[in-house]
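Take a look at the structures below.
Two complexes are shown next, each including subunit A; its partner changes from subunit B in the first to subunit C in the second.
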Partner chain A sequence: MDYNFHWRPVFRQLPDLFEAGLLTLEVAILSMILGIVLGLVLALLRINGPRPLRWIANIWVELARNTPALFQLFFFGFGLGAFGLHLTPYLIVLLGLSFNNAGYLAENFRGGFLAVPDTQFRAARSLGMTASQTYIRIIIPQVLRIVYHPMTNQMVWAVLMSSLGMLVGFRELSGETQFFASKTYRIFEYFAVTAVIYYVVVKIILIGSKLAARRLFKY
Partner chain B sequence: MIEIKQLHKYFGKLHVLQGIDLNVNKGEVLSIIGSSGSGKSTLLYCINGLEPIQQGQITVDGIPVHEPKTDINKLRQKLGMVFQQWNSFPHLTALENVALAPKIVRKMSKDAAKTIAEKQLRHVGLGDKLDVYPSALSGGQQQRLAIARALAMEPEYMLFDEATSALDPELVGEVLDTMRLLAEEGMTMICVTHEMSFARDVSDRVAYFHQGHMEEVGPPAQIFGDPQSPHTRKFLASVR
Partner chain C sequence: MSEPISFFSGFQANDLLFLGEAAGRTLLISTLSITIGTVFGIFFGWALQASRWLAQTTIGTILDMFRSVPLIIQLILFYNFFPIIGWNTSPFAAGAVVLSIYTAALVANVARGGIEAVGIPMRRAARSLGMSYWQDLRYVVWPIGLRAVFPSWVGVALSVIKDSALVSVLGYMELLRASQILITRTQEPFIILACAGAFYFALSYPLSKYSQKLEESWTS
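On to the complex of A and B.
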């Protein structure tokens, strides 16, 4: 084996990689926020929404969970493109990831809602709370605790999945790495360093989530 | 006053309440006894509008419970309810459990809600558990917490749905004592119960329910001492 490692060009590009890393984080966080909101709506629709909306929610969840995430990105890129709707790479990745997150989270939320006993709802209503007060003050806080760890997993998943963005021309961490790697032919070095960056980002998310859980859930 | 007139309630085809007529006066303690499935718990759920009714009328202080025009959330502030399963809110401390509804339903200030919550928790003997989460309380304590939570709304009526039947036997006493205390203070109470001694000692009147009918209602001495209906006699013989 006569491969010589050259790390210097990689280290020279580190600021660019970090910047791309922030973009990765940004798109992951935004896709989680959208995913949580949409996932909550999907879960409630699946539990007791009117029929046509319930079907749409079911189809959404089925597609998001049972097709490759890459194909979902391609749909927002090339699929919509075929109909003349050309989104920027950023939007393609954001919408693709949000679609996927919402599908997975909806299933988690649905399980969470079903795990909170009916009697909690009745007790709150018997105190004169409205249905929405009951959801906001009593039901959703309990659901959030149940889905907290699955939600953290989904966040990690979103960070890692955003690397698919490089296949639709998005210069997030992986796209940026690919760009420099092909310019310098230091492919192994670039991707090794990027893998470390991913690893550190994910670790920070996991530790942060653990610390936050300790503050949030005292019961 | 709670007035129930010709109340009929169905669950699908099942005719659970078959023409109930019953008035409960202010300051009165009424116990409802009867075997499971006789419709007694359903009656409580109907009184505070948690269950729709199919025929007849229930009014609380003249306000019809099931009229669409009635502000049911406002009416429920008059009607405290305690359930068989002690539904404490697990994500809130004892104090927060009790203070929440005064704050968001009665729109009290944070401090005022806290004050009333503390007062009611002391009232039921949980003055030393203010900052404890329900998971650290026994079943009996959680049920007393549920009573305090209902009382903090300063209701005029309290509905107890088999408040002790999910408890371990050694915890029943503390909850019954709390209910006795309320009765002595003059609270108007409707208690669906399997505790015959409570029904006999504490109530002003006892009603016996059998298969969706109110078979018999009267002072405890009459119901327990000289029951008129053969069903009542049979039931009392079986629980003695």
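On to the complex of A and C.
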């Protein structure tokens, strides 16, 4: 083994890497928020939406779940370009991740909704609640508890998937790493440090979600 | 005098052949990685389940790292690491190794779940009927556990097929990279991406529906 490791250039760039890491987190969180809202809508549409909307929801969910995430990013990148719609790398990653998150979360939410018994809905209605009150106060809190763990996993996936931004020219953590790595040829060192950053971020999310669950679901 | 020179040429019939070959490479690297990864994954899963403490701190931690770092980073990292230890690999070999470890990390969890799905009373019963430890694993745990986690194994296999698209960063000519090259040449992104997407979908959708059916028929 005659390879000399050079860690110094990497450590000098650490502040830039951390900043890029914040961008990664930002995209992941925004795509999760969009994904949760869209996923809820898709799940409700799949359960009892009007026919054409239900089809659209089904197609969305199956496409998101059965094609590679990279394909979805390429689609938002090159594919929409075919229609003269050129998105910035940031938007490509954000929309691609949101599309993917929504598809996976919709399936989880649907399972959650189906797990809450019908009688709950009827009981709340007969107590005089309106349909929307029933959903907001009775059904959704119970669903949230069922899908909390899958949602945490999806958040981790969103962080990991955002690394694909590298391939569409987005300078988040991975893209930034590649940029510096190709400038200095210290590819292994740079990516090793980035791998550690991802690992720490993922662990923080998992621990944070565990602590939050302890407070949220006390009873 | 002469026809205007164009850098771009339209989508032709033999481009489909090119995409087809690339799809074959996608299938090759994913089946290879799924096979190797599953064998190792089952072994790791058994180790994690059988010797809680020791395996958990060694194998468990390492496999957890492979699940917490983006696959694309793992690929680049190992592709650049192998030459350092004196092993000059092709993108295919490096990709297959990383994908196999990644699969093993995912399968280990599934396998452990499968072993845990077989209740302890059942296993004690098997042992008290005079079965050896290995007989118990082979004739009791394997059939029951397999049934419990087969659908999640299908899920892992499908996600590895989809994730194999990432080996393109190393320059391995799989389906998505081939379509990217075609897009650059033909400037017809929509139809090419549609072909690539249709291939993944046609592979993944029936399998996921099938495993869903199995799951429903086994739980009811």
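Criterion: the second predicted complex is superposed on the first by the 219 of 219 C-alpha atoms of A that agree within 3 Å, B and C clash if a C-alpha of one lies under 4 Å from a C-alpha of the other, contacts with A are read in each partner's own complex, and residues count from 1 in each chain.
The working rule: a contact is a pair of C-beta atoms (placed from the backbone, for glycine too) under 8 Å apart; a residue touches a chain by one contact, two chains touch by 3 or more.
Keep in mind that this is a model prediction, so the values were computed, not measured.
Undergrad: Name the contact category of A:Q120: first (subunit B only), second (subunit C only), both, or neither.
TA: A:Q120: touches subunit B, not subunit C.
Undergrad: Between subunit C and subunit B, which one touches more residues of subunit A when both complexes sit on the common chain A?
TA: The partner making contact with more of subunit A's residues is C.
Undergrad: Which holds for A:T184: it touches subunit B only (first), subunit C only (second), both, or neither?
TA: After superposing on A, A:T184 lies clear of both subunit B and subunit C.
Undergrad: Where does A:N153 make contact in the superposed view: on subunit B (first), on subunit C (second), on both, or on neither?
TA: A:N153 contacts neither subunit B nor subunit C.
Undergrad: With both complexes superposed on chain A, which partner does A:T130 reach: first (subunit B), second (subunit C), both or neither?
TA: first
Undergrad: Residue overlap on subunit A between the subunit B contact set and the subunit C contact set?
TA: none
Undergrad: So in the complex, the part of subunit B that touches subunit A is made up of which residues?
TA: So the residues of subunit B in touch with subunit A come to 48, 50, 73-74, 76-77, 79-81, 83, 85, 87, 89-91, 100-101, 104-106, 133-135, 146, 149-150, 153.
Undergrad: Note which residues of subunit A are touching subunit C in the complex, please.
TA: Touch list, subunit A to subunit C: 1, 3, 62-63, 65-71, 74-75, 78-79, 81-83, 156, 160-161, 163-164, 166-167, 174, 177-178, 187-188, 191-192, 194-195, 198-199, 202-203.
Undergrad: Sort out for me which residues of subunit A touch subunit B in the complex.
TA: Listed in rising order, the residues of subunit A that touch subunit B are 117, 119-120, 122-130, 133, 137-138, 141-142, 145, 217-219.
Undergrad: Quick check on the complex: what are the subunit C residues that touch subunit A?
TA: Interface residues on the subunit C side: 65, 68-74, 76-77, 80-81, 84-86, 158, 162-163, 165-166, 168-169, 176, 179-180, 183, 188-190, 193, 196-197, 200-201, 204-205, 208.
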